Every structure is written in C-alpha cells, then in structure tokens.
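Next come two complexes, and both contain chain A; in the first it sits with chain B, in the second with chain C.
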Partner chain A sequence: MLSGWSLIRAWTILVYLFMFLPVAVVVLLSFNASQFGSFPMTGFSFRWFVELWHNDAILRAFRVSFVLGALTAVISTTLGVLASLALIRYDFRGKNLISTALIAPILVPEVVLAVALLLFLRFLAIPKSFPLLLMGHVIFTLPFVVLVVQARLVGIRRDIEEAAMSLGASPRQAFFEVTLPLLAPAIFAGMLFAFTISFDDITGTLFWKPGGVETVPTQIFAMLRNSISPEINALGTVMIVLTVGLPLLGAAVARRLGSRTN
Partner chain B sequence: MATVEARERRQPWILLSPALAAVTLLLFVPLLFIVVYSFWLRTATGADVVGFHLDNWQEALTDPFYRDILLFTLKIAAITTIVCGLMGYPAAYFIARAGGNRALLLLLLMLPFWISYIIRTMSWINILGVSGALNSMLLWLGIVDEPLQLLYNQTTVVLGLVHFLLPFMILNVYVSLEGIDRTLEQAANSLGATRWQSFLEVTLPLSLPGLAAGGLLCFVLSAGTYITPLVLGGPTDAMFANLVFEAIITQLNWPLGSALSLMLLAVLGVLVAIYNHFVGMSQLAKGFG
Partner chain C sequence: MTEPAVQLDQIAKRFGPFTAVHPTSLDIPAGHFVTLLGPSGCGKTTTLRMIAGLLDPTEGEIRVKGNRVNEVPIHRRNLGLVFQNYALFPHRTVEQNVAFGLKYRNVSKEEAKRRVADALSLVQLPELGHRYPRELSGGQQQRIALARAIVIEPDVLLLDEPLSALDANLREDMRVELKRIQDRLGITTIFVTHDQSEALAMSDQIVVMSAGRVEQVGPPEEVYNTPANEFVARFLGASNIFEGRVADATVDVVALDVPIFGVVPVPAERAQGLSNGEPAKLVVRAEKLKLARPGTDADGAVSVDGVVEAVDYQGQVARYFVRTGESLLQAVNMIDDHPFAEGETASVRLRPRDCAALPGNK
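Moving on, here comes the complex of A and B:
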C-alpha cells in the first residue's frame, strides 16, 4: 500500500511542477541578456526591466489598470459587504433566490455578460468608455466579493452588537466601535479579491474598452500579436511580483487586523 | 413595536438594494435586452430593423459553420474537464491526507489564482515555442536536428486551458475530501475492505459533489474561453466566444452576435441547471470558505 501512496505523491509533485514550471521559466527568461525572448540564456541582465520603465504604452496601461482596479474594488466591496450583511444577519423570504441572483454574474459566461452589457449600453447611447469598463468590472467582481465576504462574516453575530447596546452604546457607537472593526478583515479581503480579478481581466475588457485605452493584460495580449519578447517576460515578472506579493502582504495585514480585534 | 418590526423587515432590503440594482441593471436587463435584440435585423447600411424576425436565429441554428464550432467548443471543454479531473483528483487526495505539508501545499495551490491568466497562457510559448525550452533541450541533446512545431494546435489549446483550470478542480475536490469523516474509511477497513475498496466505495462517492463542482467550473470556463485559442491555437482552432467577438466587434452585426451569445448561454445554462438540480449551488460556494 505504501507504493500506492508514493505513486500519488509523485503524481502530485508532477502536477505542481506542471502548474509552476512555465511561470518559473517566464521569470527566468526575463533576466536573459539575449536579444530574443528565448533560450539559450546568454547572461544575466536587468535591461528588459529598464526598457519596460521607458515604455510609455506599458506605463499608461499600468496606470489604467490601477485606477480601474482600485475603483472597482471600492464600489464592488461596498455593494458586496452591504448585501452580505443582509444575507448573513437577516432571515427573509426569497433569500435563496437573492443569493443566486447575486452570484449569477459568475454563472453567465464572461463573453455573454460582456456582449449583453455592451449592446445594452450602446442602445442607451453610452459609448465604449472608462465608465462602461468600470461598470463591467464591478458587475463581474461582485459575486466573488459576496462569496468571500459572506464566508468571513459568518462569525460576526448580532449578539455582540446587541450586547454593546445593552451596555449603553448608541447604535452608531455599536456600529463604529464593535461591528466595523470586526468587519475590517472581510472588507479588506473583498477589496483585494475585487482588485486582483479586475487587474487580471482580459475578455470583458476587450469588449468594453474604448479604442486606444489598454489595461496591462490587453497590452500584453496586443504585444503577443508580434511574438514573444524578453520585454513581455519582464512585464510578466513584474505582474507576478505585484499580484502574488500584494495578496501575501494583504494576508499578513488581515491577520494583524484580525488578531488586534480578538 | 409594530414600527420596530417593520423597520427590522425593511432593513435587509435596504442593505441589498444597491447590489440588487447593480445586478438587475447591469446583468438581467441587458440579458433581456439581447433576447429582444436577437430578433431585430441589421441591414447593410448598419441600421437596425426593429421587429420580430427569425433570420438571426435561423442563421445561428442551421448554418453548419456555427454548429461545427459549437461542437468543437464543447469537445475542447469536455476534454479539458476530464484531463483536469484525472490530474487533479489524486493531487487533491494527497493534499487532504498530507498531514504536515498541507498548509504549504494549499498556499501553493492558491498562487496560480493570483498569477495573471494571460501570463500563464503565454508562458507555454516559452516552453513549446520554436526556440522554447523543450526544443532547445531536444536540439542540445541531439534528438532532433531542427526545432519541432509544437504550438498552435488543439492540443496546446487544451494544455493552456488545463493549466488555467486545474487549480479550480483541485480546490473543489480538496474541499469535499476534507469534509469527509475519516472514521468512515477506517470503519470500512476494519470491516475487511482493502484500502482500495474503501476508497472506491466510501471516499470516492462522498467526494463526487466536489468533483462535480470542479467539473462544472472547468467546463463552463473553458467553453466560454476567448483568449486561449487566440494565443495557443492555430487558425482553425477558433472557439465559440471567438465567433461572438467576430460578429459583434468585427462585423458589427449586433443582432446576430446577440443570438450567438444566447446560444452559448442556453447550452451552458442547461448544464448549470442539471448541476444545480443534482448537487446544488452551495457546493460551489464552499471553495471560497
């Protein structure tokens, strides 16, 4: 039986290698001194990162992605936290239906969601624009925020707030001094999730973005049309550091916030 | 007292109203709109003819070009789902039973979700491209004399999709394996079942909801994919979402694009409904816990 277990272990190692090796190669090649974005490695160099820094199109794309991601995170988390509070703390008729409606945007294929929103807003004479892009990102990050925030809110019962009020706190005081600090980790997790999903989105963005505006993923996609270059690998490395580093940092901060309130 | 109760009853709806308004205005009304729109006509001049015309639907449903691409899309999605299940199940089982390494394995499993999809997709060009890692190695070892053309075919589309979706599968299977009472397996063993038997007859059936949730996600996400065939596929590997993009953005035939989108939605919607009937949506939410 031991051999069966070692077989499963070996298989798991292969599966993990499959998930991470290609990404590791991107990082490795981004430090390649060679002209071409490929093997063999001819030396170690930071030149492609320097070139990124001087590439206006890429810097512009970063700015668009950051602003879009931040606004999406704020709006989507506000809507999502309020809705999750209602779903977790109240019993009312039609609750199941409402929960399903709120996660519906992930059940609809992104292309269909993109087409429906685009055509409807064009019909209302709202052109492809940054606000359209923002509305799109809000609607498809919302379900993720609702799911993540709900999972974290389960522990916050109303009793705690009621206890505070019975000890003489006003409803406002109870909210700001008891509930909000308890909510902070959930809000933080929701914002991080929404930001990352928005930052990474490409399909919907390609439908909604106005001409000439690129986010980082659509910029990479446009650059891939020519061929893979060391610059794309360097951009990939920067993205990996940002999108992996930020959540890890976020998890640490969330733990801090969580432990302080306990 | 009555006013307090009334307020209490209103409270959840006040909290829900912004999110519900967003979902209604940005998803449900637009979906209804494209249902109506799919019966309009787009004339050569680019104007819409309002009315009830079946032309778009007739074209979408009877043109073998669309039918073939729909079948091809479903085929790719099915293969991707099966490969994800076969690769992911043993890995999820290992994580669930790993003991000391479990926290690390789970953390690593979450990382791909944070790494950009487009970067993970294009990373295969570095591996399989003409001057990629694999060809360089084969040339260096003298196994081939000139680089092999490995990219831009159906297999690489499936490969890219599996690479993207495997973490979803592993996570969902892991969540359901984790929820199984371990003593059930031990009980089966003590009653004389071999470990293989107790796996097949106790653990596997109990983990099916997780496998189904992972499978649904893999299937729906791969059937709706737009980017992977463009980055890793050849010219004949277009999938259904590429058709929709063509109709809407390139040909500007919005009514036809609406009909095609709704076709995709209907096919995948049937799957989601079947899943919901047998497993239920709450299983999907568990992956976020």
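Moving on, here comes the complex of A and C:
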C-alpha cells in the first residue's frame, strides 16, 4: 500500500524528471558520435563541440551575445546603483512612482514589454539597431540590479558614512572609501544577474534585434527551424554551463567578498 | 573670561510643521564635559547633529571657537563623533579604522602610526590593531570608535548615547573610562544621554531638555538639589512633590506650608526667590525622606506617620511606598538591621535643608 508520503515523493521525483530530463538528454546527446542528434548513442565524441568552434555563424552569435551581455551588465549596474542610492538615501517627490517604474519590467510579461517597446520605436520612426537592442536589455535587467543593490544598501547604516565624513572625508570620498566597498558584493551579483539574463534572453531579442544580428539564443532558434543538428545539443550544453555556472561562481565570489564585511 | 569652545545662539530645528528644537542658546566652555540629558524624543540628537553639521539649523547660529560654522560642511568641522552603534567601518581593520581620519590631515606615515598606537593604548586596546570590528565585543568596538574620534585631535568630541548599547556592568566601567580619557585629554565634550545616572556621574554641566526646550543648565549637584521646575525634579531621580503656599519668607528661610508636613522652613537659596503668600511646591528627593520607628527622637526633622504599603528591595537600598492620608510617599533608604516590612507603621522624616521649593506654576 502506498502511503501519502511516498505518493508525494514519487510525484516530486516525476516533476523534477520532467524539468531536468530534457536538459540531461541534451547534455548527453551533445557527446554522441552519431550523425543524428538523437538516440541511440553510437559512441562518445567531442566532434560537435569542434564543429561549433568552426561554425562562423555561431561564433559571431557568441560574440554578439558576449558584447551585448557585458554592455548590458555595465550599463544596468551603473544605472541600478545610482537609482538605488537615490531611492534609499534621499527623499524626493515622485520617489514611489520611480521605484515602481524601475521594478515594473519584472511584473510585465516580457512579450508585452517587447511589443510595447517595438511599437514605440515604430511610432517614433526609429529603425531597429544594436543600441536599441541594448536599451531593451538594460530595461529588463535593471529591476534585478536595483533589487539586489537596494537590499544591500539598506543594510549599510547611514552613520557609517557620517562617521567617515566627521573624520574628514568629503561625501564623495566617503562614498568611494566606505559605501562602495561595502556595496561591492551586491554590485557584483547584480552585474552577473544582468549578464546572465541578457545572455539567455530570446523573447525580447527576437522583437528588437536588427536584421542580420543574431545572439546565441536567436541563432539556436534559427537553426532549429531548418533541422535538428547535433550541433544544437553541443551549443545547448555550452549555454547550460554558462548560465548555470556563472551565477554559481558569482555567488561564491560574493560570499567571499561579503564574509569580510558582515 | 576665555571664549566658549562651542556657542549655540538661538538655534532651532523644525521638520515641516513640527518643532524638534525650539530656539536654544548655550555656551560650552573649552575643556568642559557637557551632557544633554532628557527623555527620548526631546531633541538631544537633533541638537547634536546640528553641532556636528549633519543637520542644518532652521534658524540661529552655531559658533566653534568664535567662528560661525553654519555653512561649514561636516568634513571640515574637525569634530570627533561617536555613535550609539559604534559605526566602525566593517571592511577595515581596527588600525585602519583609527587611522582613517589622519588620511585627510597632513600627517606623515610614521606619525600616523605613532598616533594610532597612542590612541589604542589610551583606550587600553593596544593589541587589537589587526582585528576586524566584527571580531570585537561591543565594549571593545566602542573603545575603538572613541580612539578613532580622538586621534584626529578634534576641537569638540560629540557622543550620542555611546554607552546605551552596552550591558549594565560594562556601561559603568566605560563611564569611568570615558571620563578618565576626557580628563586626560582635556577635550571639550558634548555627551547625549537619557540616563540621569550617567549624566550625574560624568558631567561638569548638565543641560536638561524636554520637548525641544532647555529646562535647566547647571553642574550636577545644582541640577539635582535645586531643580528649576517639576519636570527636572521628577526626571532626575524620584522626587516627592507637594503643593502648598509660602507661609513666611525672610532673607534666609522661606517657610512653606504643605498639608501633610505642616510648615517646612526651606533655605532661601533653594527657594527660587519665592515671596510671602505665593503658591509653591515642596520638592523632596526620595532618598532624603527617611523612615524611622515611631516615637524615636526626630532630631529637628519634620515628620509624619504613615503605613508602609509596598517595599521594593534593590540590594543595598530599599524603595518604600508609604501611605499618609491621600498621598503616597516614596522613600529610598539604605537597608539597615531592621528594614521596614509591608503593613508596618513608620515615621517619615525630612530635614528642611534637604528640600527645595518651586513656584506653584513650574
């Protein structure tokens, strides 16, 4: 007889299998020596990774994704830190409105955001371009940065900055000597978040990218439309390693940075 | 007379419609230890922050060594600031914390090193330079915060409830320690606290505040023995206050007629110049009200019989609540061989020279 608990356990396992089995299959098949990107496995091989390396379109897509992700991370983090400082440290009119507007992109479905921005650009008769794609990515990564940085900033007591100023540091010096170092783990985490989210994104990118520009996700999407090449499995594996590995690495670094200051 | 180190000239602070500090003037002599004392929310921190340059006064002028500093930003005021929560830089070692202020002053590396070491030995923590703040106890952190503030040789040392976050025993040690360091350096100090025993133990001058106003300024004994009004009498220790009337006023003695005790001749210097027939209040500190066995010699004291209603033993002393007619008297006495028990009848005595008199409307 099955007790309630074992039912729940079995169900949980099923759910996890449903979520992670496809991922596992992709990773497994990326090492398949066979011509076809499907079972049965005929041997272990790195050939699809090598082919990836020689595929110009994919390399180009990687370059675009990296540049886009890095720029998104830098811009989003800079804006996010400045916005958080303003929202936490100063009082001004319309503060709540701005705070909500900054976080809103998380709450709005990405498709809606994507279409809205596209229509807006259309309305202004601005052609699609890489900077506009970048702007789109900044808009929807900003909330993550703002949330992470704000959470840390409320934990940095104002009297620490005041102590620095009483000792002779100008407000700027106090910021760079005290606030910024204490904020570093959050800034770092926010950057990684922004990079990973941008690197991973397909919905917004499909709407906003100019013709001829492909990021890794849109490249995969395009390749899938023609055929299911085993290369896609290899590419998928690379993406998984990057998007799972980076945040883990980031968390580890942030923990090290944070342990010295808490 | 030398110039005061700090002068507050009618400074006031309003937050929107709310007045946190009413126009206040105060002279703080160089080298003095001055305490702002008052209940929570009375405007002590606001006043201190205005002196520090962390808040702009709504009106009035602040002078340090005779110079107006209203427009001088905090980092140019050369003040030492110590907070209730230490406010050490968590990402810096103790040494780096203490040396922080020297970076902004023209101090050579060697001299900085020496001064940091001196400051650390002054607060009796010379060995902890390489630790991080989180590796220190609260008391140690507060000592480091003090070292960090004094190493820059500030014109004025400002402390906002620096002992309030420490536990009771440590607080008393730190009190002595802080006073020793202040004496040694002779540094002008403004200390904020809501704790009257701290204020009485450490200060040269106490500034008693309430609801954004200064109620009384004076040395501890004066504020304690001759409170300016009922608020001060009640805030500094437990007091018994009786309404009455001046029965007779001479140059030396002002005799108050109060219902319970009859006529009490208060020394004139403790009677605020009250004149004949005026309504007045008699103030008697709880520890100046002595309980004795009925029928024993009163030795010139004014006395009244009552019944002990409650006893609160506090180690060396006991706090008695004694009922006489309508009034409940409070007496704090040393515990001798025969402490009084609840329900006992006691003779409550006071010496007129231990009393103070206030005008009826204060």
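Everything that follows uses one rule, which is that the second predicted complex is superposed on the first by the 236 of 262 C-alpha atoms of A that agree within 3 Å, B and C clash if a C-alpha of one lies under 4 Å from a C-alpha of the other, contacts with A are read in each partner's own complex, and residues count from 1 in each chain.
Here is the rule we use: contacts are C-beta pairs under 8 Å (C-beta built on N, C-alpha and C of every residue); 3 or more make two chains touch, one makes a residue touch a chain.
As the structure is a computational prediction, the values presented were derived from the model and not from experiment.
Trainee: Which chain makes contact with more of the residues of chain A, chain B or else chain C?
Mentor: Looking at chain A, the partner in contact with more of its residues is B.
Trainee: Sort out for me which residues of chain C touch chain A in the complex.
Mentor: Within the complex, chain C touches chain A at residues 52, 54, 73-81, 83, 85, 87-91, 100-101, 103-105, 132, 134, 145, 148-149, 152.
Trainee: Within their complex, state which residues of chain A touch chain B.
Mentor: 1, 4, 8-9, 11-12, 15-16, 18-23, 25-26, 29, 36-40, 78-80, 82-83, 85-87, 89-90, 92, 98-105, 107-113, 115-123, 135-136, 138-139, 142, 144, 146-148, 150-151, 196, 199-200, 202-203, 206-207, 216-217, 220-221, 224, 228, 232-233, 236, 239-240, 243-244, 247
Trainee: Along chain B, where are the residues that touch chain A in the complex?
Mentor: Per the touch definition, chain B meets chain A at residues 8-9, 11-13, 15-16, 18-20, 22-23, 26-31, 33-34, 37, 87-88, 90-91, 93-95, 105, 108, 111-112, 114-120, 122-127, 129, 131-133, 136, 163, 166-167, 170, 195-196, 220, 223-227, 230-231, 240-241, 244-245, 248-249, 254, 257-258, 261-262, 264-265, 268, 272, 281, 284-285, 288-289.
Trainee: Could you please specify the touching residues of chain A with respect to chain C in the complex?
Mentor: It comes out as residues 157, 159-160, 162-171, 173-174, 177-178, 181-182, 260-262.
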